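There are two complexes below, and they share chain A, which is joined by chain B in the first and by chain C in the second.
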Partner chain A sequence: MVRVSAIEPETWFLPRRRLDELVQALRQGGRDVIGPTVRDGAIMLEPIETASALPSGWGVDNSPGVARLVRRDDERVFDQPPGPTSWKRWTFPPRVTQMAWNGAGESDGDRQPQSATAAPAPMAFLGARACEIAALAIQDRILAGGPVVDPDYVARRRDNLIVAVECAVAGGTCFCTSMGTGPELGGGHDLGLSELDDGFVVRVGSDAGRRIVDGLGLMAATDDQQQTAEDSVAGVRAAMGEPLPMEGVPERLVAAAESPRWAEIAERCLHCTNCTLVCPTCFCTSVSQRSDLDGGSATTERSWESCFTLDFARVAGGNFRTRPEDRYRQWLTHKFGTWWTQFGSSGCVGCGRCIAWCPVGIDVRVETQAVAATAPAPSIARPIVVPASFPAPAPPVTVVGKPARELAWAQALVVDSRRETPDVVTLTLNTDDALLLAGRPGQFVMAALPAVAAPPISVSRFHPDGLQLTIRAAGAATAQICALERGATISLRGPLGRGWPVELAEGRDVMIITGGIGLAPLRPLIDELLARRDRIARIHLAYGARTPADRLYKDELDRLAASGVIDVAQTVDRAGPEWLGRVGVVTQVIDRVLCSCDRTIAFVCGPERMMQATVDVLHERGIPNERIYVTLERHMDCGVGLCGHCQLGPYFVCKDGPVFSLAELGPMFEIEGI
Partner chain B sequence: MGLDANLAAAWLTHELEPHTRIALAELGRLVSLRPTEVLMREGDPSDALAIVLEGRIGLRLRVPERGQVTILTVEPGDVVGWSAIVPPYRATSTAVALTDSELAVFEGEKLREALAADDKLAAQLYPVLLQAVARRLEGTRLQLLDLFSQRWVEPW
Partner chain C sequence: MSPMSRRQAPRRPRVGVVKFASCDGCQLTMLDLEDELLAITERFDIVEFAEATSNRSEGPYDVLLVEGSISTPEQAEEITRLRREATMLVTIGACATSGGIQALRNLADHDAFRNAVYPRPEWIESLPTSTPVSDHVAVDAELYGCPISGRQLLELLTALTVGRRPQLPDEAVCAECKRLGNPCILVAEGVACLGPVTRTGCGALCPSFGRGCYGCFGPKESANTPALAAWFASLGYDDGEIARLYAKFNVGAPAFHQIVEAKR
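Right, the complex of A and B next:
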């Protein structure tokens, strides 16, 4: 027997009968070993204790809409395409507790949220394919690559041992060669196995892998064994055929936002969410709350979510993707297109799970090509930068991210509550949190009370001791926040997002056009403009409300109007005879107003349809997209770009916005259901 | 300020050719209204088209059990009483001054006769009036959407 040493060649042979020794070596130090096993009629990734749990002699017949176990007359354990579970099941579990509120105090103020980051046992992943290692690298980039990292993911991903397997069979839905991720192992593993009939060629990928090989005392692999392994993976590459022509597809998918093909796919799609659940890179989540009956403790849970669900893009007051085709378009365009802009790689690794596990067999290999073929020449606001060939993402890195400040909660004390309208309240909050105090106009906070979802709320004023929030009671959480009385406390996370570019207003005329509760996020901007009043030319404020009683900050606006420092025009959609002010839409307040439009900058906030009508008027008046800024509302659960809900093309509205220039948004601003 | 100068300053009529504007000015007269004074009543024969020069005119419809509802206010530069040149020449709303207001008022029948007789006046005035009515229609459609209403009750 040849004794292995660190300076010997890096390729070894593990006889099949000794496979369990590898499993036991991986388990040393209390490590959980996760590997493929047969359960529920499929190959699942589960904790295993011995090699006997591996799917010896099982294969899988994969094709669109089909994944069927088949018995083979051999003892090979890794000859299957990827099954319905992926490693994210373990690094990014379907459900985790995020935050706990403990202590049954007299008031909510006695209960403050504590983060509940997991401290799991270290894990070894046995049987990860090249495409799956690429998927781990993608999730690393999203969840641990910063600027804000997911502490739960970091805790689970730390110190993983990866024993990869180079594929010896190609499933009927595999297309890793098209996505540049496989089938050959390209790094990111501690050990790499190639399965032969009588054992495994073992390659060392890291010091940790070397230590395991050293401990096993393996013989070097023979040239024949190595050649058989190479031939085997070459056969897999050949079996997948010519790679798909993916060049230009990301840009064309985005450009094809209004292709009729989306509706055709949606006719077939059941919106069952299977594709997103089996996808090894999909990362969208939602949070939900649970509390015990006496309200003494509550927990916040994060669970996998899918962009195919109707609620995914729902907000108080509307839903941004009501049609099935909107939701399918979001998924495919994101996965293959805008993912490049967000994360520098494709979101697809070519594992084929979504094809096999789609109940109706929708095949993304076909649909990406078909939709892209319908695209006009790409003309998108934020170009997607894609290398000429589709490279695999950089291999996973050691995950060491620290919890970000944006995820920490600060306490604020309610010092005043003022009712603005029958369903809108302005809370004045004091806090000593330095970051909250340093917020900028247009930013928002997540506002949390125990046992209800934490909604995103725009800051409606910053003051030296804290801030104001103007909230409409639109649901359970906002109703509870509106009901807070003086002396109560609330937890805030933020300030979040990118606010208004106040400095660009200097030396210009400013038009502020807003409607309804949209005035709230503009109020800090007005404060800031007034603070710089001598450096700004004219300021027009056009404000529309449903009725006179629905106007916010009435006294304040009247005082501003009377002072003459800015031109204030208020209008309502309907009124009784007692109202002597304007009636009509806000767009018709600005279409004839005198302005030096060649030097005007516009800031707009309101319902999206109102903003679109406003932008049409601003265009007619010659104000270019570069000088029109809007703030967008989207469903936001995390506020830091991790939960995925608020995506708009390449943007996460929560962190890239919510304020955008029209030039940044381009055609997306007016395309339905984006 | 004479009526012609007023029309030259109003957005509705400022692009009319000078001789057309003068011809129009000769047909009209300046009218001042105090708050609550009514220019025309819904359903009555519409015998005047007016351009608001100063102030604010409310257009109101009567809704059973709700009384008078203001559905639009007309601001300086804009037109009131376009129904005076569109059959059946009946006012589609009640026009009431909400503030001290000044208007250029054109008697309906006289204006109709002038438009029939003077092709140049007709060729220039009809497009701007159509533009004003189209703008009003566009605004009304947006109002119909009731964008600021809160019809949804959501989990948050």
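Right, the complex of A and C next:
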């Protein structure tokens, strides 16, 4: 493990014939050594037992879509550009079992899921490049930087020994100088090697590294050896040529959301996921269910996912990114643009893997520049703060904390089930889980039954002993949750996300506009507004439903309307003669609401098209974006900003939302496929 | 699917397995699920499965698994009748989902073939095209592949019993190939591989053994076959070679058919 401590520069020389002594020293204490080796026509990162497994005399000719092994007439082992494996295969494996439901209980819900915890052997990474150490530092910030930490990643990343190599050759797809990550080693390693023909200049980067060098009993490197190493990496820098002009590119990519270039790239792109899976920083995952035939035992498995798949942005009612151009835009804009806002760095380290291993040779060096050039000028995008240099690699993870509370499941007991409409049910759940009880209006929970997906569900009421969930049977999992009867139990994780800013309503008129099941996440807000009724001016609720029978909480709404505490205006799309209320869309209702619009705050929830139409009316009435709040639905597998599915520009909808002001969303609210 | 959830299932669902123009390989895949067969029969009442049992039933079926393409007028009538007998109709395999290898005849002169092969061609009643079941009747779910994956079949049956949406991803073969840790043979060796445009499900079988993907599972969603064909051409593959890559088990699938038509 690397520790940042004041270490005098110490430079040693390891003769080539003694390289295996280094490998064996790394293996001390049962450590697995992962390093480059030739397999199936490529340089792969695999467990190695001796230095003889290293790719002695092998090089690779890289160009877009092509990576060919070439035999050289020498014994050098590290003279290749990065191959298709990245270290994330070892720190963040392609498949991980997350939780298990074992044994049969009285009913499914009585069985509590157990978290599966990895206990891997400690690992040493031999041959990590500067760009790759930058990539590890990026994944450290995302997966272990908090507030919610991925426990599996921490377990695998903890105690890694990193023996870095300063590149002596540049691949045809390398562009680390453009991204500011290399080729010179910038820290984050225990030992740093520079390969010379007859051996390795070894620099110590940590106490652990020094102990290894001490054990090997090396001679100090000569001035000549050090000079050769310096010349070598300087040659690599020169070979990559002039760095790409990346200044302003992050903003311009975001601003170019409607560039015709995206559709042009989509004509070449296969959306095959290769770029994302070879990328050392891409971190998106999906959760799938494994169970035996009768569901008696079930596990959930997390696996590498890609924003290029159709399923990535799918929700029960639709899909936010169906077009291949939407998916490419998401990837490139996130990687080079909004990543800065989310994580304080570029998501690209310039390793070139996505270029070489794209089966049709699409080159992000070309595409970032080409798309950025189509951005409207002057840029309409908000500035993205880009530090002058790449953030220094942080020391590897030292977080040892308990698994994040947000990842732990609590049990809740169904004490009542009420059918609101033919396909919507409100469950009243009791729990003694203090965090669930302390939820805020607009927050949601993940709700899990064995062997089916765990969907995110908005809390529709908090009560002293628990909460209510109002669920529409939109898919298999929600159908099973809807079918739970009194006495059943269910596992809940939460409360999650950022809810409604109730405090901003004080001293203002409030307009709540919603349709169908969109009333559910607004109900706790109404409860909270009523609790502080004396501090709020007028409250208007405009509620639309398809038919009178599709209205949620009918009795409650009628009582509220009769009480006069808030103005309730209900409308339906179609109705029979028994309906004496309004017929029409909800936007017609808010057109007629009397409000002091200069002091009104609006809270909106419904399908995105309904919300867009509503926002148009609110704008006409003079309510600014800063006082319009919406809650968004996106695909969520984790709910805590780790799985990546719910990305929306610079936000994770799960943790930065689901409630946003329109000022925060900006043009993203209206551009298709973002 | 929820009606068959174990929470609500008072009886075992009645399952039929039938075939049209096909080689029976997909049905054998079911019989190859040796470790799970007993559990399957405990959960499902298999009332029709000529490959496995002489007990027969003409329906009705809760679930009907259909192998094979529609290749004769008689089959076209029979599938319409079976659809009425089945609550849920699932097509299995490349023949049933895209017309199979026999859909090569869709590109050729049916009468000329018939006259060349049979001494009394007038006795042969076959349709000029081999078509997927979904061209004739509504289909509730499809399992792709030549043959289907036993794992996917088991997932379908498990999903039916536990009441979940079957997890049958429509990502490219590449995603699984990468998770397995294979270097891309198209990039590393220039071997023509249909993985980037082919639906996953096989476990990236061929690339794991150093062969290019043959496209057994048919095109993935939005498969960009023209872009991949253009890349193959840039690597030196000629039109005939490219057409033959796609002219296999899923030649009837539009995204593959398109390339064969353009390149042959």
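The rule we apply is simple: the second predicted complex is superposed on the first by the 638 of 674 C-alpha atoms of A that agree within 3 Å, B and C clash if a C-alpha of one lies under 4 Å from a C-alpha of the other, contacts with A are read in each partner's own complex, and residues count from 1 in each chain.
One rule holds for everything that comes next: a contact is a pair of C-beta atoms (placed from the backbone, for glycine too) under 8 Å apart; a residue touches a chain by one contact, two chains touch by 3 or more.
Not measured: the values here are computed from a predicted model.
Peer 1: Under the superposition described at the top, does placing chain B and chain C together on chain A give a clash or a fit?
Peer 2: With chain A as the common anchor, chain B and chain C both fit in the superposed model.
Peer 1: Touching A:Leu270 in the superposition: chain B (first), chain C (second), both, neither?
Peer 2: After superposing on A, A:Leu270 lies in contact with chain C but is clear of chain B.
Peer 1: Using the touch definition from the top, say if A:Val70 reaches chain B (first), chain C (second), both or neither.
Peer 2: Neither: A:Val70 stays clear of chain B and chain C.
Peer 1: Between chain B (first) and chain C (second), which, if any, makes contact with A:Leu293: first, second, both or neither?
Peer 2: Only chain C; A:Leu293 stays clear of chain B.
Peer 1: Quick test of understanding: once the structures are aligned on A, what is the angle at the Cα centre of chain A formed with chain B and chain C, as a multiple of 10 degrees?
Peer 2: Rounded to the nearest ten degrees, it is 80.
Peer 1: Contact-wise, after the overlay, does A:Ala373 reach chain B, chain C, both or neither (first, second, both, neither)?
Peer 2: So A:Ala373 meets neither chain B nor chain C here.
Peer 1: For A:Ala477, is the partner it touches chain B (first), chain C (second), both, or none of the two (neither)?
Peer 2: both
Peer 1: Per the overlay, which chain contacts more chain A residues, chain B or chain C?
Peer 2: Between chain B and chain C, the winner on chain A residue contacts is C.
Peer 1: Could you say whether A:Ala121 touches chain B, chain C, both of them, or neither, answering first, second, both or neither?
Peer 2: neither
Peer 1: Between chain B (first) and chain C (second), which, if any, makes contact with A:Ala453: first, second, both or neither?
Peer 2: It touches chain B and chain C both.
Peer 1: Once the shared chain is lined up, is A:Val565 touching chain B (first), chain C (second), both, or neither of them?
Peer 2: A:Val565 sits against neither chain B nor chain C.
Peer 1: For A:Val360 in the superposed arrangement: first (chain B), second (chain C), both or neither?
Peer 2: It touches chain C, and chain B stays clear.
Peer 1: What's the minimum Cα gap, in whole angstrom, linking chain B and chain C in the superposed view?
Peer 2: Distance of closest C-alpha approach: 5 Å.
Peer 1: Which chain A residues are contacted by chain C in one complex and by chain B in the other?
Peer 2: 452-453, 475-477
Peer 1: Using the touch rule from the top, collect the residues of chain B that touch chain A in their complex.
Peer 2: Those residues of chain B that touch chain A are 11, 35, 56, 58, 60, 66-73, 75, 77, 98-99, 135, 139, 142-143, 145-156.
Peer 1: Per the contact definition, I'd like the list of chain C residues that touch chain A in the complex.
Peer 2: Its residues touching chain A are 1-2, 5-8, 36, 39-40, 43, 154, 157-159, 161-165, 167, 169-172, 174-175, 178-190, 193, 195-197, 210, 221-222, 224, 227-228, 230-231.
Peer 1: Would you pull the chain A residues touching chain B in the complex into a rising list?
Peer 2: 314-318, 423, 452-453, 455, 472, 474-478, 515-516, 544-546, 550, 571, 573-577, 579-585, 587-588, 591-592, 606-607, 609-610, 613
Peer 1: Spell out the part of chain A that touches chain C in their complex, as residue ranges.
Peer 2: Residues 39-42, 44, 65-69, 83-85, 89, 94-95, 108, 267-274, 277-278, 288-289, 291-295, 298, 303-304, 306, 309-311, 324, 356-361, 450-453, 473, 475-477, 479-480, 483.
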